[in-house]
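Shared between the two complexes below is subunit A, which has subunit B as its partner in the first and subunit C in the second.
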Partner chain A sequence: MFEFCLHVLTLACIYGLIALALNLQAGYTGLLNFGHIAFVGIGAYAVGIGHLAGWALLPSLIAGVLAAMALAWLVARLGRNLASDYWGIATLAVAEIVRIIALNQDSLTGGAQGISALPGLFAGASNAHQNLYTTLLLMVLTALFAVLSVRLANSRFGRALRLLREQPQLASCLGYDLLQLKSRALMASAALAALGGALLASYTSYVSADYLLAAQTFLVWSMVMIGGLGSVRGVLLGALLVQCAYSFVPFAKDYLNIGSDVAGALRIGLVGVILLVCLLWRSGGLLPERLRVMP
Partner chain B sequence: MLQFLLDTLARTADLALIALGLSLVYGLAKFPNVAHVQYAMLGAFVAVALQRSGCPLPLAMVASCLAMGCLAVLLHIGVFRRLLRSGPAIAMIGSLALSMIIGALVLGFAGSSPLSYRLPIEAPLSLGEAMLARSQLLSMLTTLVLLVLFAIVLFKTRLGRSMRALACNAPLAAAAGLNADGITYWVNFMSGALAGLGGSLLAMNTSAYTNLGSDLLLPIFAAAILGGLGNPLGAVLGALLIALTETLVTNLNIGWLYGQAMAFIPVGYIGAASFLMLLLALIFRPYGLFDREVRRV
Partner chain C sequence: MNALLKVTGMAKAYGGNQVLASVDFEVRPGEIIGVIGPNGSGKSTLLNAISGFTPIDRGEVLLQGRPLQGMPAHRIVEQGLARTFQLPSMPDKMTVMEVLLAASTTAHGFWGSLLGSRANREAERAGRARAEQLLDELLLRKVRDNAAAALSGGQKKLLSVACALMGKPQLLMLDEPTAGVHPNLRRDMIQTLQHLNRQGLALMIVEHDMHFIRDLCHRCIVLDRGQIVAVCTPAELSSNEQVLEAYLGRGTRHPKEAIA
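Right, the complex of A and B next:
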């Protein structure tokens, strides 16, 4: 049971990092990125491909982060003159193209089989300790990035991003270069998402094109929306809640004796229902963003 | 060449009705409804289930079409009208949640194995060198008839005129005394019904499966955006363009690049063609190919 709790906590931390990254775009900057998972996938595949090429974990992780930031720069250029919902659909298409490339470049990515047997984070330690160390490291990392995220939100850059979200015309009147602000926010977010993806790949020792499915992006979105768009505490809470709901399903499956199709449906449906209920009755999320309102 | 043309038209027939419905609702509600493709998936399942339980095929299709229309209206009243008060972005995320729920319900009740109609196996028609399945011919003809009917409704009737007025300038239409709610219900009904019919026709050539909706999502959006979201007949031309691209990419012989007689683009990449078209459309013509009036920033 303890091992299982560690597992849920670890996954919640990893998804927490990814959701914090999405919060940088969607929460602070108001960008509707439905292709967020592409950055995560690039980070995860960087670890896999680096392992096949015989690289150590750290250099391949850095390469993944850089590749994701390059993609983010391109995606930000794409949004130069698009309305936000059109841009959202464009990012969905970008992520799908990345997934199709990953699925078909067999020599590089292992195709539909994916790349398995990736080394863990603490390959040297004994089995029992390995998971504990991983969880501790991830909790420290998540806390670190949560603090950084809060500090960023209160910095001048964060205020500029929120101004861009609320009043883009006013922001450009004040002399902010909107495109540059957007691409910087997007690149920072991509770096964090790629880090999350790399950690996910090395924790699960596996990476495949399934990590890049559009449904995964929607999962991260529901974490952010359930917790509270723009609020760091909310996003972390949302990641934990959705992860718990996900991990609860296998128990329900054994307890109620249901088939694997129904169990899969229960997972997706549960997250969908929570998300819809949140949107209908608490559109700010469970812990909404607190804005300072001038009297 | 004839085969190429027929393949393109068959694919257009698959996409056109669903893309038309998406564009129609966007014109009024001003948000891209991601759940729209799930109506098509659900419609396919309803029609297949009815036909397999002994209902004649045309009746099964009409029933699924009406059911999807009613579902679209109910969801509009219960969900989207509330969400739209918080803005189009929230409504789009809500439609995403809804599409997850519909997908989960179908997966839970129907299972993940594909279902198809119980139809007798018939030899395809041969026109010269080209072959065409009877079901494809049927779906092409049905689509054509419906498109003509729809165009008549949109351009010749009072309802169509009010729909266009409301999409073009809602406050002015309200000032002129149009019943905006009633028209919105009609438009939602039509779009849901068209999606359900499109889905049940689609299931005739392949089968009804749970990922049908997510497989359709990007081609349908690409078609609707190419035609200009909110311009229903543009969406049909967009569907034609997407179908043309897909067929062209499938049949393109790139042997000359490698110095061989025959070389084709791998099948896995064909799906990427329509996404690429979508990106190009968004970069160069974000308001659609036939943009004249409605413009948003």
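Right, the complex of A and C next:
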């Protein structure tokens, strides 16, 4: 059971990082990115492809982060003249393109089989220790990026982002270059998402095109929405809640004696129900963004 | 005297509708200039065109001799030309103080903000001092920590003026600063604007309220159907034939009080 809890916590931390990254775009900057998973997938595939090429984990991870940032730069420019909802649809399309490339470039990505037997984080340690160390490292990383997120939101850059989110016309009238702000926020977010993706691939020691399904983006979106868009504590709580809901459904399956196909649907349905209840009952999320009163 | 802002031959059409037809005028340093005209005469388009929010078809805009036309809006602000909007909307998840601090764009880079570079800390300190001063000057002290969207219409207008002043502009263009503002606040606003003007700020004010124009402006531009039909002092407005015609139509025999 302890091992299982470690597993849930580790996944919650990884998705916490990915959700913090989405919060940078959607929460702070107001960017409706429905293709967030593309950045995660690039990070994950970088670890996979790097492994096939004989690279160590760290250089593969860095390559993944850089590639995701390059894609973010492109995506920001791609939609420079699109209204935010149209831009959202364009991001969905970009993520699908990335997924289909991953699915069909067999020689590079292993196609539908994916790439397996990826190296873990603490490959040298014994099995039991490996999991514990991984969980601890991820908790530290998540805490670090949560602190940095809060710091960024309260900084001059973060204030500019929030002004852009709420009143883009005012922001531009005050002298902000909106494209530059969006592009920087998107690149920072992509770097963090790719880090999360690389850690996910390394932790599950596997990557396939299924990691890039649009449903994954919406899973991360539901974490952010349930917790509270724009609120770091909320986003982390949302990631933990959704991950728990996901992980404990298999227990309910045994207890209620239902088939595994039903259980799979139940998982997604459960997240949907939680999201719906949250939206109706607390539209700002469980821990909504608050006014920041300056001392 | 050298003009602070010089507009020559500015033209703008929306489809077949010539909203601005060859507009020429200048704003002198330290001047308060009013822009009046009936609805649809092109006042707001003129403001949008100068501030880079509406691309123009023809013409030249010079701020202290430097051309502004074709420059994106955010670059024009950097040159020292700020503006407010007719219906300022404000963010609901930011306090008045935060909006003011966000209104200064100095040192807002990503790394500097995240790591707290020296330039960033200095900009923050200077921004805070300036914001606190503007809160007092523009009578917003009491609402410092309120959500900016929760302000009254008049207070939002004051806040948008304060935001524009965070950047220390040379010329500030105001779009109907008194529409929907309580008369008491209007009086305070006149005093505040005069005070700012004495400190050297030139103002260009689009306004319907003739009393406001008369109390504040040194000169007036009268726009009608996209053209400047008169440039005069506020006192001359009510005796100017073109002004009467613009407001009341051709062949008006009616008394001067009509626009007073």
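Please note the rule applied: the second predicted complex is superposed on the first by the 291 of 295 C-alpha atoms of A that agree within 3 Å, B and C clash if a C-alpha of one lies under 4 Å from a C-alpha of the other, contacts with A are read in each partner's own complex, and residues count from 1 in each chain.
Throughout what follows, a residue touches a chain if its C-beta (ideal position, glycine included) is under 8 Å from a C-beta of that chain, and two chains touch if they have at least 3 such contacts.
Note that the structure is a prediction, hence the values are computed from the model and not measured.
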When the two structures are superposed on subunit A, do subunit B and subunit C clash or fit side by side?
-> fit
Touch check for A:Val262: first (subunit B), second (subunit C), both, or neither?
-> first
Subunit B versus subunit C, judged by how many residues of subunit A each one touches = B
Can A:Ala252 be said to touch subunit B (first), subunit C (second), both, or neither?
-> neither
What is the contact status of A:Leu103 with respect to subunit B (first) and subunit C (second): first, second, both, or neither?
-> first
Once the structures are superposed on A, label A:Ile62 by its partner contacts, choosing first (subunit B), second (subunit C), both or neither.
-> neither
Subunit B versus subunit C as contact partner of A:Leu132, first or second or both or neither = neither
A:Asp85 contacts which: subunit B (first), subunit C (second), both, neither?
-> first
Which partner does A:Leu291 reach: the first (subunit B), the second (subunit C), both, or neither?
-> second
Take the Cα centre of subunit A as the vertex and report the angle out to the centres of subunit B and subunit C, nearest 10 degrees.
-> 80
Subunit C versus subunit B - closest C-alpha approach in the superposed model, Å | 12
Subunit B-facing residues of subunit A, complex = 30, 32, 78, 81-90, 92-94, 96-97, 100-101, 103-104, 214-215, 218, 221-222, 225, 259, 261-262, 264-273, 275-276, 279-280, 283
Sites on subunit B touched by subunit A in the complex = 31-32, 79, 82-83, 86, 88-90, 92-94, 96-101, 103-108, 111-112, 214, 217-218, 221-222, 225, 266, 268-269, 271-272, 275-276, 278-279, 282-283, 286, 296-297
Mind listing the subunit C positions that touch subunit A in their complex?
-> 51, 53, 72-75, 77-78, 82-85, 88-95, 97-99, 101-103, 105, 107-110, 112-114, 116, 120, 123-124, 127-128, 145, 147, 160, 163-164, 166-167
Which of the residues in subunit A end up touching subunit C in this complex?
-> 148, 151-152, 155-160, 162-163, 165-167, 169-178, 184, 188, 230, 289, 291-294
